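Some structures to go through are shown next.
Look for subunit A in each of the two complexes below; its partner is subunit B in the first and subunit C in the second.
Showing the complex of A and B:
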């Protein structure tokens, strides 16, 4: 009985119920739509139809199936997103570092960083495109802009969260600034830094897809808008929707995994009661 | 050489010995804090005079707000004096700090949670550029000293509060400081753990011959551990008494029930002013 109760309230169970619920709602919606609309697949196809299109070997243009179209275009988009993400991380981290080193830098930059973040991406993208005149570099720049802010603010918060006593301990042994940062500040801000990465990773991907839609030349976003305009099978659109959702979630978990690999102490649970008795 | 001259010589020699023995001397020390809104400065310490001998275990005892931690921090060069002077072995606290002769233990263990116990103890030695082989040997020695040999590979969050504080002590001692500054190190621990650590601290002190400056608000703790208890009173922080604790050493917990111990506790308690 106890076990059943535990299993029912576990996190996995909650996720499972959510997924099941979503599928249920989707399918009910799809059934209703199928009876009332003339082209239900444009509004809400059944899930099995989408799955079917994933595994279908029917060519939707001269050379590729729907899945091949999605995957080949995903490559372009994701690589740009990744490059932008990495650049954003570097800029965000360096900025946080200088803001924590010099109060003046923080006072000068911090309020304006927020303004950049307030401009809607849809408004910013055409400007960036006009400046760079290149859809590829626009993708990178937009992904970088969206990445650097959460990374910079979270990392800065991490630097600020270092306890005064930890710094004083460093001071008491006359540690140099370099030692203070390399041995204390950077390692201790890692959880915050990774929080930034977890926020930024799906955003970088979303941004990169969004920028695609502005211009042709390949990429998930381009295919997405073509498919919506019925220039190709509508199932390309549905596949992209699911594909990018999955990639977004995976990118988040990738950050979780990397964090765990880099911080072994997080893998060990809190002290068991038996351990503490031994020492005292 | 006549008798008068001879006694003079002996006197001078004793004075010299005495001077050598003084580890920390605090003269007319005053520390005030100014608040940012430009209000009247708060006097944390006023006219403090104190001499701490080499190898002595001395406690700074007082209620909150008496400036006992401020005094420790000023000696540690974590706080600058407003007036007066501190000299440690004839040098300024800053020089002593840069020579890494202070070991500090805070109220919180202040361990680096991403480092194992061993690497926490090792950390200050890494900064000092001590070669790896020496570091490893010293860490082992220190963990043995504080009784944590089997816990070297654990992370801080796997340890109890008492064990974490032991790691803090091991880390402070690892750099082989001359002076151990302890700022209410046991105040967050339960009574049983605390008593065990008291005994262990006395053992470690005897073994290492460090001068220990121990800040506490616990009268029993101060009396049990110290050679002398410096009683501080608040508003403004000042020394209201220095009580010699001439209990026999080595001490164990049984002395806590002795009449001498209780007489000293009462004496210390009665020397507070204006609380």
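Showing the complex of A and C:
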């Protein structure tokens, strides 16, 4: 009895009940809409209808089922998002590194790092497409821009949070600059660095999908807008909505897992203090 | 005395370079842009990347039309921001009142943060189709709801932290006064949550502008700065699109500065 009670009030149970509740709200909404609309699947289909379309083997174009369409296009989008994400991480980390090494660099670029947070980069997606003239490279560029600034600001905050005494100790035992950074600064900024990654990962995916919607070719966004225009089954749209939501959430937890794998338990505690940066 | 003045001079020299370096960098970029060196560096032409002078000329030529779109975007962004922040604050209050179930709810809500706006915007467009006969009103509502969802999360999580991460022993002190739960809430928790509210707003103010712009892409009615960027690019009027991008950046920066000023006034001496 005691065990059952404990299981019923555990945190996982609470989350589970909440998710059940959300599903319930969705289904009630879907039932209401199913009775009042002529084409309910365009507005709010039942969840089982969406699931059904995931597993159905009916071809929606000449060669592929709905799920195959979604997955093959997801590959195109996510690879570009990943490349952009990695480039963004590299640029962000290097910039933060130089900003902490040289005062001049910090003074020059820090205000711009602040400003770039306030301006809507996603809104600039079409123009970057126009400048680069290539859907693939503009996906990468935008994902990289959106990744680089949370990484840069958080990593810099991490470098700055290193206690002065520790640096002085390193200095007093005549450690070289390289040793100071490799033994002290970089390891201790890792929690902050990962805070940046957690903010950036879902953003890179969002950006990549958004860029897709701007032009034909392949990608989740293209399929999303085609499906909305009824060029193919509307369930492709619903599958993409859920797929992108799940991928967005998974990308966040992937960063959490990588952080846990890379850093010992003690460092993680500090991560909670990382600065927050605009996310969308 | 002499030491003090010397120190002061050093501080001013510091602050001068703090302003000087970024400004110099900005001027450098502007000069490279205007002289088209920047174009050669990234391989663009003046058609897709017009000169700054031309962009500002377009802004001043089309001022009334641009203002109309700015108004639409700002109404959506601010409306969604207010709705979302209120809802988030309310959720945080509920979570504080019922910690066990509330915290679980907040975890679920925070998962919404990772859902791309692109997935939410079209759903809401469809859902609000019956709200009004006027396409402008109903797409306005759909856009506002998108912004609301994006803003709720950061407010609810931060406000919850503000309600619960109290100063050590302050709760004990209140208990020793035999303060009721309501008194604790209004005299201790609410004031404690104000700085956290601003932390949330610092994330959600720029976020609201971004969500407003992106939700305009999917809206039924063609209005707003974000939609104009896209429409003008479809028409290959890149210079006009750049004018709208400049305006969009200005909206983001101005709203953020307003927030900082309000924060400075309200939290005087608290930080």
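Methods note: the second predicted complex is superposed on the first by the 251 of 280 C-alpha atoms of A that agree within 3 Å, B and C clash if a C-alpha of one lies under 4 Å from a C-alpha of the other, contacts with A are read in each partner's own complex, and residues count from 1 in each chain.
Throughout what follows, a contact is a pair of C-beta atoms (placed from the backbone, for glycine too) under 8 Å apart; a residue touches a chain by one contact, two chains touch by 3 or more.
Remember, it's a predicted structure, so these values are computed and weren't measured experimentally.
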(message) With both complexes superposed on chain A, which partner does A:174 reach: first (subunit B), second (subunit C), both or neither?
(response) first
(request) Examine A:127 and indicate which partner it touches, taking first as subunit B and second as subunit C; both and neither are also allowed. (result) second
(request) State whether A:165 touches subunit B only (first), subunit C only (second), both chains, or neither. (result) first
(message) As a test of reading the superposition: which chain, subunit B or subunit C, is in touch with more residues of subunit A?
(response) C
(message) One more residue to check, A:115. First (subunit B), second (subunit C), both or neither?
(response) second
(message) Does any part of subunit A touch subunit B in one structure and subunit C in the other, and if so which residues?
(response) 276, 278-280
(request) Note which residues of subunit A are touching subunit C in the complex, please. (result) 9, 11, 14-15, 17-19, 22, 42-44, 104, 107-112, 115, 117-124, 126-127, 129-131, 133, 202, 205-206, 209-210, 213-214, 221, 224, 228, 237, 240-242, 244-245, 248-249, 251-252, 276-280
(message) Show me the residue ranges of subunit B that touch subunit A in the complex, using the header's touch definition.
(response) 76-78, 97-98, 100, 102, 104, 106, 108, 110, 112-116, 123-124, 126-128, 147-148, 150-151, 155, 157-160, 162-163, 166, 175, 192-193, 196
(request) State the interface residues of subunit C toward subunit A in the complex, per the touch definition above. (result) 17-18, 21-22, 24-26, 42, 44, 48-49, 100-101, 103-105, 107-108, 111, 113-119, 122-123, 126-127, 129, 150, 154, 199, 202-203, 206-207, 209-211, 213-214, 217, 225-226, 229-230, 233, 238, 241-242, 245, 248-249, 252-253, 255-256
(message) Quick check on the complex: what are the subunit A residues that touch subunit B?
(response) 163, 165-166, 168-175, 179, 183-184, 187-188, 190, 263, 265, 268, 270-271, 275-276, 278-280
